[in-house]
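Read from first to last, the chains carry the letters A, B, C and D; within each, the first residue is number 1.
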Amino acid sequence: MSPASRFTYLGPEGTFTEAAVRTLPEAATRELVPMVSVPAALDAVRAGEAAGALVPIENSVEGGVTATIDELASGEPLMIYREVLLPIAFALLVRPGTRLEEIKTVTGHPVAQPQVRRWLAANLPDALWESAASNADGARLVQEGRYDAAFAGEFAAATYGLDVLVSDIHDAENAETRFVLVGRPARPPAPTGADKTSVVFWLREDTSGALLEPLQEFASRGVNLMRIESRPTGEGIGRYCFSVDCEGHIQDRRVADVLMGLKRGCRAVRFLGSYPRADARPATLGPGASDEAFSAAADWVARCMDGRG
Amino acid sequence: MSPASRFTYLGPEGTFTEAAVRTLPEAATRELVPMVSVPAALDAVRAGEAAGALVPIENSVEGGVTATIDELASGEPLMIYREVLLPIAFALLVRPGTRLEEIKTVTGHPVAQPQVRRWLAANLPDALWESAASNADGARLVQEGRYDAAFAGEFAAATYGLDVLVSDIHDAENAETRFVLVGRPARPPAPTGADKTSVVFWLREDTSGALLEPLQEFASRGVNLMRIESRPTGEGIGRYCFSVDCEGHIQDRRVADVLMGLKRGCRAVRFLGSYPRADARPATLGPGASDEAFSAAADWVARCMDGRG
Amino acid sequence: MSPASRFTYLGPEGTFTEAAVRTLPEAATRELVPMVSVPAALDAVRAGEAAGALVPIENSVEGGVTATIDELASGEPLMIYREVLLPIAFALLVRPGTRLEEIKTVTGHPVAQPQVRRWLAANLPDALWESAASNADGARLVQEGRYDAAFAGEFAAATYGLDVLVSDIHDAENAETRFVLVGRPARPPAPTGADKTSVVFWLREDTSGALLEPLQEFASRGVNLMRIESRPTGEGIGRYCFSVDCEGHIQDRRVADVLMGLKRGCRAVRFLGSYPRADARPATLGPGASDEAFSAAADWVARCMDGRG
Amino acid sequence: MSPASRFTYLGPEGTFTEAAVRTLPEAATRELVPMVSVPAALDAVRAGEAAGALVPIENSVEGGVTATIDELASGEPLMIYREVLLPIAFALLVRPGTRLEEIKTVTGHPVAQPQVRRWLAANLPDALWESAASNADGARLVQEGRYDAAFAGEFAAATYGLDVLVSDIHDAENAETRFVLVGRPARPPAPTGADKTSVVFWLREDTSGALLEPLQEFASRGVNLMRIESRPTGEGIGRYCFSVDCEGHIQDRRVADVLMGLKRGCRAVRFLGSYPRADARPATLGPGASDEAFSAAADWVARCMDGRG
């Protein structure tokens, strides 16, 4: 297939990311290519070898996926066009016949570990955890006999000829991972009324109040923040950029206005896209935050300039 | 002369306001009509009987002239087109022959009293003060023999056949009064680079933090406030509107943006004009506050909407 | 009587201030002395010639009484111990026999004028207004025949042998004047649960955001502002101090904390007293604003210092 | 040795954390015990099996070490008593004789990967990266022949019988890792004048402006933030707590005051300690932020309560 019909994703096959990419309606008609890392998945898009990449960006237990956040904040610009929410539950996969009490070593992706830690402490207190490059890779290593058990998605069992010894393991209730479909910059999808906008900004100064100002740009227009991640800029300890998601679409006047405020007030800003919310929940707007209020205010100022205020 | 060539001012003749109106270059070719009160001077403009009215708006000792501030905030809209600053110094006017030690009663406008209070306490501790309707009216009452002395502008002596017993009386150093030339709404004078914008806003709520929001509209765009007056709205104790002057012109992007923010966030806003500063001092702009920064931010958001951010 | 049993008030007799002072329970046992001006009433207290002075501080139509606000902000410190709210309604007083259509000149205190302006425009459009030193003084001038009618409190009619031609005149609904009982500094009255605290502060800088900081001291402790007045400091146009009333008593932890914040962050602060609210309405406290929350927070920090956080 | 003389650290031996723990003066007299994970190192302290644990908390390239931040924010309380800053530079370790062009597979801790990514792309573009449980573990796996090369500290070469093929590899200039020495809660070390305080807070609400309030607690006391990390609370996507470091010591009045403000305004706060800054740089205090200003403000309020303000 041509690059235009190809989606990369954080592989290998059998991971939650593959499960997520398969929820996309267009996945059926695309070539889905697993990549060894988030940077690799995104670089394929940058290089024009794929139309999009599906990568995890946030996990309700572990927090932001820093590789994704940092990749989106640097290098050749990319944009988010879609998000996918996937509930997280692990299965404990073993070679056929293995019993729970025989498990001495377990593996899985480093991100999986804190999500099954309590289950491990309760059920396999003496098992030694060693991280694998991915949950699927952990399954493969169990298949090869290097570990006794792996935490992975239940769907990975078949691929690696393993049995599901325990299913639906998750320390936290309501744990979920958020994935984003990333492409080269283009016109954002049309507003749906329930949208989200992602942006990264770098503060002009690194003082106490410096973060207050960009946050007030959001607050003063009644634009709710949905995610905020501080990330080091790499310029030394204490220097940060902030990756945020807010309610609304860049075509919503209040969001455009916030973005302009950030552009003026920050050292740098990178627009990461406006796209439909996976939960389809429309933003609740305070007075003065609607497009109508913005239009009315702009009209009024124009009239004032003409002496007809 | 026609109404178009008529300026009213807060009379009577011989007051500081007349001195102020005479500083206007166009005063030479206008009919200058003293009025009995600020409302009367402004209503003549509203009624089309005069092209402009010169009224005091602020005094560095006494504060805002509430009659002017309240008239501009209510009734048929008016706009400020010019400001005049006049240093304040009083002369003690007496009937020819009166000596200081003979003065038992003094008069003057109520606004004059706090500006000469200390001088009075030091030089005429026993003299009884009674207010007159204006400084000039006080001079007239001295002429008529009702009081022994009047505080007024030195220029009023001739008009009323009085002598200047003491001149240059002012308790505070640098005391000055600010006057504004008010007309019916029209296109504001072009920006000069050293302008001022006046506006009145009514808060949506009367809570602790409610004033914070409009003030942050100014602060977040780096627009300096030069005057802020809280005024009762007449809806009961504790309900206020705020009359403010800020640096800049409505055609400055940052000022237009502040006005839009006020329009959206406040219960009501009234634009009172953009006009040259009497002190001709240009505003100092922080980073992100210039027209260029605003244009660049708007351009950037437009490009982001097209996927070219 | 001794100074200790003497109250001064803004005279002369027959004004609203006298009506207000007579609402005080202790008025019955005090000598009530009218003074010619607010400064005179307050200076008598400063000089130890009176135990207290009752003066107007705020009017729901005209706003702050600047003489009172400025006197409390400067000179020898004074404190507020009580407040009195009086609904404002004027009577039109005339010499017996005068008919409405015969009235050519009216008088009254300058503060009365804006409160009867609309009534005048509707009922006596051609009458000439001239200000008197007080409403009572206006009544006296009518008695003497200098004016045809005076606006004053109905209670002033008897004193000056006048008739009440029209009563209950007030342009604004719910108009009221607030008076304060002022004394030399002493321990404030005990908290009642429905108290008010008055304070004046001078900003460290006169920049755009400078007023934001003291306002945030109030907002961040959930202390509601009830009055805010900007007043010129006399140091030149654009230099202000702010006179505010807030909910609560200095013995309420949140109020003490706000005062400490103002003390640290402002160029100067003057505490004007904590006293019972005339409307006896208790403050509504947000979470974290109660004395308990403050104590708990202080206890927690103390425990943290001991390693028992 | 007894638990009291034991320090755990994030092992295994040969990692940067071991290098960091050895910089502590008391390390010479302590038993230094490597642990398999941050939670294990900290749990040993919680269980009384060690007096302290040295763990990484922040990296100028990768950002916060989430395992450490999350462990300190939850479970049995712990406190930070010391910090260590270590410049980050990797060595490429190989089995004796291996040449650069022979390297097909490289390993190292996941945190090392982004710090050598550019070096890898430039020098070993085709080498396959696979993560190891630690840098030292990567070295061990090279020793065992599973990978061709490992990124680790130069000091690890000897332990595993490897050669340093390339040294001083670091993509970012000035890269450094910050480690903290953690113990059970006790009285913090005495203020040195150049201290840091760590705290975690949970917002009361998850709205747009909610983060503004705690940040203003810092800003309004002039307390500089040095690190801010948003972390998911585990209650679902969009719910965060914030882990911050600020300048100053809990015994500094301004810091104690911030902590009280957080305690009152936040859903929860956890004090993580006050300890000397590794860079020994004293905080720069604005006006009103010194202990003297706080004492003076408290004294003034106390005097006001007594009528002697």
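Here, contacts are C-beta pairs under 8 Å (C-beta built on N, C-alpha and C of every residue); 3 or more make two chains touch, one makes a residue touch a chain.
Per UniProt, the chains are A, B, C, D = Prephenate dehydratase.
Nothing here was measured: the structure is a model prediction, and the numbers come from that model.
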Chains touching both chain B and chain C, listed by label | none
Specify, for the interface formed by the sequence copies chain A and chain B, whether it is same or different in terms of residue numbers shared by both sides, with half as the dividing line.
-> same
Where the centres are mean C-alpha positions, what is the separation of chain B from chain D, in Å?
-> 58
Could you tell me the distance, in whole angstrom, between the mean C-alpha positions of chain C and chain D?
-> 56
Dist(centroid_CA(chain A), centroid_CA(chain D)) in Å evaluates to 25
Residues in chain D with touches to at least two other chains are numbered 216
Category of the chain touch graph - line, ring, star, complete, other | ring
Touch relationships between chains, expressed as pairs = A-B, A-D, B-C, C-D
Interface residues, chain A side, partner chain B - complex = 77, 79, 185-188, 204, 213, 216-217, 220, 250-251, 256, 259-261, 263-265, 269-271, 287-289, 293-294, 296-298, 300-301, 304-309
In their shared complex, at which residues does chain C touch chain B?
-> 36-37, 39, 58-64, 66-67, 70, 85, 110, 114, 117, 128-131, 133, 172, 174-176, 178, 207-209, 211-212, 215-216, 218-219, 222-232, 234-240, 246
